[in-house]
């Protein structure tokens, strides 16, 4: 099956801005994009499945299951100075190197079909130590964009410090450029431990993002939301690691009597 | 070749129910589905081969070999209140993450061709300790199904405890839903050690399953059957692990004299 | 490119028998098939390349290089009681699990194009200890074949001891059966250490094989040939292991000053 | 997406010679080819992207990012005795075994479109110890080429010492031969440590190469250039290793309370 997008609805969107927030370091991007979608009451209109996600389903409290997926939401501008939005959130990124390219390519194909010409990707930037005042670092598809975004409290001086952006948030910007989409990646500073979601960093991202989007959203419930999703995130991460470990573990004590011979 | 299904016969089936039991934790699902097929004298009508299985053949006592495969059986209802069945059993699941999606997709394509609209998948649930009274836990493609299955002794309260279902039994339910198939996964509690098949847990599954299917089968030979297949299961598992270990092992003592140089 | 066969010549062959001997445990099959092709002065008519082989070239004494490949030779029967032959030898088998299926499938497609209806595959059987009187064990695509081959000194009683045949020699028999080719796999007992080619075991294989084929070949040069190829075999094996180890090795001493941050 | 080449311009080239220098041991080939392209003011006309490169983007000082890529440059001969050139340099080679074949195949397809009939690939040869007088070793697609190149100070006697050439420089020669392209691989001796670029070895390559190409270029800025790119190379290598390590690391301390159960 590789990568497949199932569309429930074909919303009419006017020059939509694409926003991405998938799991990653501190789950900063995912928390920020998910909270934004929820506060805006954005509507889900498509789901992405991929054989590059781990092969398991998640069980809900209700005993219903769902396959790992990414979800596309849309929101329509309500007043002047706002933009129609397509927001991408999800359970997982690709677990293999090749899959990152493939999933990102499928996402770009999809949003190009809605006329997307610019995007904002959201991610965490692991700095190796906890911080109470996380900065928001910016990376762009082309230097000209810095001018456009420089008045929103984004640090564009960190290029030399940062080095690389791994995963969807970086690839979307990098490959998007080759497809005619301009993009900025907003990176919230965070300690960088995978299993611990970082609401403080997500809040920093959201403050910058809502300024850019000319939106007002209530940030007071963020910390509680994060608490709720923490258990779930740990579940996914743990199973991914266990499944990998399982695959790589040595045979259970070789049994002498069995005389199983290896033939080549 | 990727994944290929060879069909020997095209049985006419009326609204068949699809039942899956492939190898997994404690081989619970595999034992249960295999025993069911045998007791019903279900007829094999198709075989599935995949390059996502390990690349070896199994030698029978007779010195004949067979490639790892999954097998489709059918059985026709004999009286009112019963359903035509398609039963899937096999030697192996995919050994790589991507392959799980691909094989499950091929299975769904195949059973959809027979008009399958609902399914029951069978698996083990590793609980980390032996139990003499294994429960049967249920997971569903949609909450509405709980009503349908709640009177068969299935525990639908364990969603929060369980978390995830790895492999074909889970993916079939999760991806089946996106293709219009409703499904329930029955999980027999078992200690969770791969190499030890658990007939007690399989028996618990079969008791629930035969009630749902309105079937009577003799469960007294189950323990003996499991004894017989134990040797075979160990063989497959051991070779899979050895082959992986083989691939990953370091070079045999680097020889100084050889002067083999590595070039990039 | 995946897997590609380049054909130099399209020989007219009459009901050819296909013989395979690729590298494996003790390189027994490879030595036997290579020596047979050489003694018969069989003619190379096709080469198989695959992205499932390791990505390197081998340097010859002459400073010319060649990509890892498998090679098809043909030989025409010279008298009654003999068969036209297609012999497959080569530098390597697939290095990944999926690739084994794919390469074997390409081989089957190719020989089916020449009307092949039966085959003999040659391999080593690692028994964990040196033996001076290696037996030849047989495995068949269907039990009926045992009758045909039982008078050539092949042990067909070892099925329960052997368990599995890993790689091309087994898969060719197993998958060949699903494509209408009957086959027997001849396994020469050998200690089972990869880097040490075993001419004694190859000789045992050749004695059985030449009887089946109604051929007389001089076996006295076998030991010397093996000595010559030993260096080459070690080269290939060593580089394969090094390349894998290279891929998996941890970063060279993390440098504190560098401040390279990992972003997700 | 797999592997994709985006062409900005379709230069008219007359019987161009193809020169490749991608990252590898000591980055010798990459330094040499990059310096050559720069000194010649060769013009970039195409970029190659591949899902076989690592899935991250690199951040420039300017905060602009770019996806890992390979780049094709062309240069037109300026006087008699010179050749039109296509020069390939880049950030990365494939990170998986299969990808090497695929990327090399895409490169060959592309240059064949420009009528390329011969090529020179540039690489390092790790000899395990530092040397101040690195030799240039040669390997060829066919022995006849040695005559053509023997008067340029290339050592063609090292075939038996070298053994193998891993990666693009070797595969281009080996696979190119099957596509009708003749090639020589020039290997600069270097210590063989990945993270340390070796300008001395690249200089040795360039001296031989410019003689072959009948070009004069200023080699005095080479050492400084290498200093500048050192930081960048370390970045890429480090992230690749970290990403692999990340993927393979065990679950962070198993939490007893969590009761996450693994199901198969």
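Every chain is named by a letter (A, B, C and D) in the order it is written, and numbering of its residues begins at 1.
Here is the rule we go by: contacts are C-beta pairs under 8 Å (C-beta built on N, C-alpha and C of every residue); 3 or more make two chains touch, one makes a residue touch a chain.
What you see is a predicted model; the values in this text were computed from it and never measured.
Asker: Over half shared numbers or under half: where do the identical copies subunit A and subunit D land at their interface, same or different?
Answerer: different
Asker: Suppose chain centres are the mean of their C-alpha atoms. Which chain sits farthest from subunit D?
Answerer: B
Asker: Could you please state the distance in Å, as a whole number, between where the Cα atoms of subunit C are centred and where those of subunit D are centred?
Answerer: 33
Asker: Using mean CA coordinates as chain centres, what's the gap between subunit B and subunit D in Å?
Answerer: Each chain's C-alpha centroid was found; their separation is 47 Å.
Asker: Give me the residues of subunit A that touch two or more other chains.
Answerer: In subunit A, residues 95, 99, 162-167, 170, 194, 235, 239, 248, 260, 262 touch at least two other chains, as defined above.
Asker: Under the touch definition given earlier, write down the residues of subunit D that touch subunit A in their complex.
Answerer: Residues in contact with subunit A: 1-2, 6, 47, 49-52, 54-67, 95-96, 99, 235-236, 239, 243, 247-252, 255, 258, 260, 262.
Asker: List the residues on subunit C that touch subunit B in their complex, please.
Answerer: For subunit C paired with subunit B, touching residues are 94-95, 97-102, 104-105, 138-143, 146, 156-160, 162-167, 170-171, 173-175, 177-178, 185, 194-195, 234-235, 237-239, 241-242, 244-246, 248.
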